[in-house]
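Each of the next two complexes has subunit A plus one more chain, namely subunit B in the first and subunit C in the second.
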Partner chain A sequence: MALKRKIAYIDLSTGDIETKVIPLEIRKKFLGGRGLDAYLLYNHTKKGCDPIGPDNTLMVSGGFLCATCASATARTHVMAKSPLTGLLGSCNMGGFFAPEMAWAGFNHLVIKGKAKHPVYLYIHNGEIEIRDARDVWGKSVTDAQWAIRDDLGDQEVKSMVCGPAGENLVAFANVMTGIKNAGGRTGMGCVMGSKNLKAVAARGTMDIDIAHPVEALEFNKKFIEHITSAKVSQTQGTLGTPFIWGATNSWGGIRCRNFQYNQCEYADDMEPERIDEICEETMGPYHMTGCFACQVHCRAQYKIPSGPYAGKYEEGPEYTSQGAFGGETDTPRALTVLVGNHLVDQYGMDNLDTGSIISWAMELYELGIIDKKQTDGLDLSWGNDDAVIEMIDRICYRKGWLGDTLAKGGIQASKIIGKNSFDYLIQVKGMSNLHSDERATPGLALNIALSSRGSDHLRSRPAIDLYHLPEDVLRKIYGSPVPYDGPLSSEHTEYIGKPWQVFWQENCYMAVDCLGICKYHTTFLGATLPNFDDWPKVLYYNTGIEMTPKDIWDVAERCNNMERLFNLREGLKRDDPEKGDVLNHRYHDEPTRRGAPEVVGRVIEKDKFLKMRAEIYQHKGWDENGIPTPETLKRLGIDNEPSHML
Partner chain B sequence: MEQEKKVGATVESLRATRTYGKFRCHNPTCMERLEPKKGQKTIKCPTCGMEFRVAWVKDGFPRIRGPVWEVNRKVAEDAFEMKMKAKEAKGKEALKENKEGK
Partner chain C sequence: MSKFLQINYQKCTGCRLCELVCAVFHDGKSNPARSRIKVMKWESEGLYIPMSCNHCQDAPCINVCPVKAIYRDEELGSVTVDYDVCIGCRTCVTVCPFGAMSFNTIDTKVFKCDFCGGDPQCVRFCDMKAIEYIDATDISIDKKREAASKLSKATKEAATLLAEM
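Moving on, here comes the complex of A and B:
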């Protein structure tokens, strides 16, 4: 059963491999996935190590419920020190890899050292082998996976790989599986490349051994009904995640021209229905697909309809690619979005960081901070579709001065470019913001400022804050499993009550990341989707472990604090513009100009923002500098870390 | 098990509030419930004045495709101008009070 799945320690420098059972005590404290990875990272990574040196440690895991009878438990998590931020590196992806690794007997891998030449790991029914990958090196994300299947003579092998961007040490290179399942953000593909690790491949046929199989299946039926009956899931199953971008752009919550506007006007050609038409024209009416054990099927399939890449098969685009290659660069055309999406997927490069850093360069070009000398003649004017596509290629292969500079990530690039370029870089803790504009939503602004891996919407975003839900509904959601009787507000422009919402969401998202459940199956986009109240049964029926909603909350809080401890150890300081819990000054100084009447003219008021930050520190049991107090660490049982229990 | 009675409590009660055939205005401060007629292509929010293009996920399941750009752009421009004027007036008032030593 899930409890029997092991952890393996692999040293790529020496070739040593050791496997262990994961003790029950550890499972109860950290569950698995991202949470247990955070514990392992803190315990196995040397303080101050070079993120692309052999001392950095790469964790690969599946969620605790992965490959059981629980719905939507496909998530793979990868963690290491980030080459992009120098702080926590962490990414999470769907697909089919983590279940396959679980069926092969493993939930966690701890990968150290650096191989002498390109290698890949092959995990097969309790065995792990280090294999030569010299023939796979240099291949695209998709081609690499097929080459590994050919090498092993098994078409059912599932792999997570780094693409050419990872091999070229692009600081925001992804880990990828399938066509487009992307472990994006913080450059975990770069860490793989630095270790000469092209891929981890898995094939497993071991027993899944469910603790209470009949009850698990019965309960899962109910769970599936919850998920599929939600309107948000039905919309996603029809249009994919582009509907999120469309809705957000409609009211003015999207970055356009880097950070000049909060809405991309006349974006009809890249609206979800238009993209859906292209998918239907090129792939037929049944063009939606999904990850392991998911009923939502939010992933579209398409072929590029025209131009130099015509006929190329791809999946997506996600709302993030619409933002990256349509909105931020002010190129609101479906073809640019579809081609850009295809390239970053095949190169294994983070779409959000790529789009964001290109749009930053475009603004610098407009301001004269860089010119054609730095761009090698490329016209980086807003709206230049060809330049956007060209820059994606230049960054991946580090071509030209600008391609090589941007490949280092925003903060390093701003140091090289100089002048006041840093002022225009929209980032938190060194990671580019996604495509959203949070100036009209203080709760969402607080979320990105405090997110453990840098500016990020998937770590604590109270997205339902935009639904104007009545206070009693908010209280129902946010008042459990830990009672809360402080203020809550239905108004998205308000500051009161938001710190608690962000704190609650942070624990909710950590819990699903430990369990291995997709965020579209919890309180993220839909207020009616399962959360803490619903998980104990899934956990008990599948694994036999009894936990209350509060127990799961405590696990999440513990794991979030482990991540904080790592960040503090690696240099996070509260007010540091490069590594702190702060926003770019433009959030406070430049009012929004577009969108709904209550959205225009908004900034994040700095004094109120600082009050929110102080309040959330209190909720978390941190001192005024954002450092967990000794009492908090003791309460969570992590006051003696690193404890080296695993 | 101990959690038997509580499981699903929050989500199940919230599910009962779902409505079909309607959507909410995309203005997050307004969120008026709008109900387009079958096949209707645009709809104007009677509360905030924003206007949207309508798409149909399936029969009986409408959604907002996007704004009617000209209309909503004007709404935004007017709101921005009004807010900036109000801000300017507030600034002048504060300056005057400062000079008068209030």
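Moving on, here comes the complex of A and C:
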């Protein structure tokens, strides 16, 4: 059964490999995936270790339900200390890798040390082998995966790899699998590169017993119907995530020209319908694809229609690529987005960080903080499509002064560029904000300020706040499994009630990441989608483990606190502009200039923001400095960490 | 009246849920190596083709079986293995032109699609309808309609071109 999946400790410096059973007691405390990774990270990395040194430890995992008969259990989680932020490094991706690793006998890997030359790990039916990857080094994300298949003589092998960006130690390099499944943000591909670890390949034909197969199958059918009957799932399954871009840009929640505007004008060429048209023209009427066992199939397929990359097959673009290579840089053209998306996928580089850091450089260029001397003659004016594409290449291969500087990540680059460049860097805890603008949505602003891996929408975003749901509906969602009778507001511009919503979402997303299922199958974009109350049955039918909704909530809260403990240990300070729970001053000082009437002229009022922050600390059981109190740690059973139980 | 599985691979998203539910339904385990249906993939082209048993009329596996363990189920019309007779020689695996007969190394048995006794789970779970379970008499009616529609469209386009000349 799922509980039989093991953990392996791999030391790349010595070649030692040790495997262990994961005790049930640990499973019940942390489940798996991101939650157990957080425990392992705190227990297996030395305080203050160099993120790109051999002491950093890389966790690779599948969720607790990975590869069981539950819906969309495809997620792979990767964790380490981040070379981008110096704090928590953490990423999560779909595709087919983690289930293959589970069929090969493993749910968790703990990888230490540094190999003498490029290697890859091959995990096959209970065995792990360290293999020579010198012939694979230097290859793109997809070429590397196909080369590994050829090397092993098995076309069914699934690999997670780092691309050239990871090899070149770009601070925001991704872990990738398949064509575009990206473990993005915080530079986990860079950690792989630093260890000379090109890939982890898996192939498995071992059984995962299902505790109650008949019930699991029938419940899965109902569960899938629950998910696919939601309008939001159907729209995602037709247009992919670009549909979100369409809505948020017309409303005024998109960063344009770094942070100068909150809406990108003249963007018809990259509307979701236009992107869909290109997908249909190049791939036919059925051009959606999906991750393992998922019926939402939110990923589009396309071929680049023209230009130097014409005919190249790619998947996506997600709305994040529309924001990164269309919105922020003010190059709202489909071709730029499609090519930019293709390049970062092939290089294995985070689209959000790449787009954001290029648009930051463009603003610095406009302000004269950098000029053509630093750009090696490149004209970094707003709207210059060719410059955006060129910069992606320069960052990946660290070409020229600017390419090399930006590859170090925003905060390091701002120290090198100097002047007041830091003021313009839209980041939290050293990670670039995604392409969205949260000035009209205090709940979302609180989310990015508190997110454990830096500015991010996938850790605690109360996205349904934008739907103006009636208060009784909000109360139904946010009042379970832990009762809440405080204020809640249907108004997205309000500050009241948002701290609880962010706290609830944070636990919801952590639970999902521990279970190893996709966020599109929970209360993220769709208010009616499953959450805590629906998971105990899935857990029981598939694994035989009995847990209440509140038990799952407690696991999530415990794991969120493990991440906080790690961040605090590595230097997080509440008000530190580089490592704190704070927003860039522009959120407070520059009013929005475009968008819907209720969006124009908005800032995040600092005093109210600080009040929200103080309130969420209370919900979390943290003191006024954002440090978990001893009582909280005791209540969650993590008052003796590191406890080295695994 | 017997039914067939009709696979329209263009609709397949490649998610492999069919493989998961097939293995769980038949063996109570999650393991694609136990699935009667397998999605063959060419990821670099975005091409996914589910492969399963075609329940051939003149089935090579039935013809070749040295102990006559494979027969046609009268009710479902499916090509079926009688495990009381099967000796596990795997000759059927060798001759099947579609690779539809597999060999399970854990239970050391050959295995293949059996229409799940009349309610194929791969069909039940595929929301794209890339796999359908349809009456034998109707097997080509949709294709006829589609081809006819193309023919009609081409005729209209030709007429337009002529009118423009």
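We take it that the second predicted complex is superposed on the first by the 646 of 646 C-alpha atoms of A that agree within 3 Å, B and C clash if a C-alpha of one lies under 4 Å from a C-alpha of the other, contacts with A are read in each partner's own complex, and residues count from 1 in each chain.
Please note the rule applied: a residue touches a chain if its C-beta (ideal position, glycine included) is under 8 Å from a C-beta of that chain, and two chains touch if they have at least 3 such contacts.
Every value quoted in this text rests on a predicted model; they were computed, and no experiment measured them.
*Asks:* Should the pairing of subunit B and subunit C on subunit A count as a clash or a fit in the superposition?
*Replies:* Aligned through their shared chain, the two binders fit side by side on subunit A.
*Asks:* Taking the superposition as given, does A:G377 touch the first partner, subunit B, the second, subunit C, both, or neither?
*Replies:* neither
*Asks:* Under the stated touch criterion, which partner chain does A:Y286 make contact with: subunit B (first), subunit C (second), both, or neither?
*Replies:* Touch status of A:Y286: second partner only.
*Asks:* Quick one: classify A:I224 as touching subunit B (first), subunit C (second), both or neither.
*Replies:* It touches subunit C, and subunit B stays clear.
*Asks:* Regarding the shared-chain residue A:A216, is it in contact with subunit B (first), subunit C (second), both, or neither?
*Replies:* A:A216 contacts subunit C only, not subunit B.
*Asks:* Given Cα centres, how many degrees, to the nearest 10, is the angle at subunit A formed with subunit B and subunit C?
*Replies:* 90
*Asks:* Of the partners subunit B and subunit C, which touch A:D207 in the superposed model: first, second, both, neither?
*Replies:* The second partner, subunit C, only.
*Asks:* Which chain, subunit B or subunit C, is in touch with more residues of subunit A?
*Replies:* After superposing on chain A, more of subunit A is contacted by B.
*Asks:* In the superposed arrangement, does A:C294 touch subunit B (first), subunit C (second), both or neither?
*Replies:* After superposing on A, A:C294 lies in contact with subunit C but is clear of subunit B.
*Asks:* I'd like to know which partner A:G368 touches here: subunit B for first, subunit C for second, both or neither.
*Replies:* neither
*Asks:* Touch test for A:C69: subunit B only (first), subunit C only (second), both, or neither?
*Replies:* second
*Asks:* Rounded to the nearest Å, state the minimum C-alpha distance from subunit B to subunit C in the superposed three-chain model.
*Replies:* 15
*Asks:* Please give the residue numbers of subunit A that touch subunit B in the complex, ascending.
*Replies:* Residues 222, 226, 229-231, 234-235, 238-239, 243, 246-247, 249-252, 263, 265-268, 271-273, 440, 466-468, 473, 476-477, 480, 491-493, 527-531, 533-534, 536-537, 540, 546, 548-549, 591, 593-601 of subunit A touch subunit B in their complex.
*Asks:* Which of the residues in subunit C end up touching subunit A in this complex?
*Replies:* Residue positions touching the partner: 10-17, 20-21, 24-25, 27-34, 43-46, 48, 105-106, 121, 124-125, 127-128.
*Asks:* Spell out the residues on subunit A that touch subunit C in their complex, using ranges where they run on.
*Replies:* 67-69, 96, 103, 142, 146, 178-179, 205-210, 213, 216-217, 220-221, 224, 228, 283-295, 297, 301, 313, 315
*Asks:* Along subunit B, where are the residues that touch subunit A in the complex?
*Replies:* Of all residues in subunit B, those touching subunit A are 1-3, 6-11, 13-15, 17-18, 20, 24, 26-31, 48, 50, 52, 55, 57-58, 61, 63-67, 69, 72-73, 75-76, 78-80, 83-84, 87.
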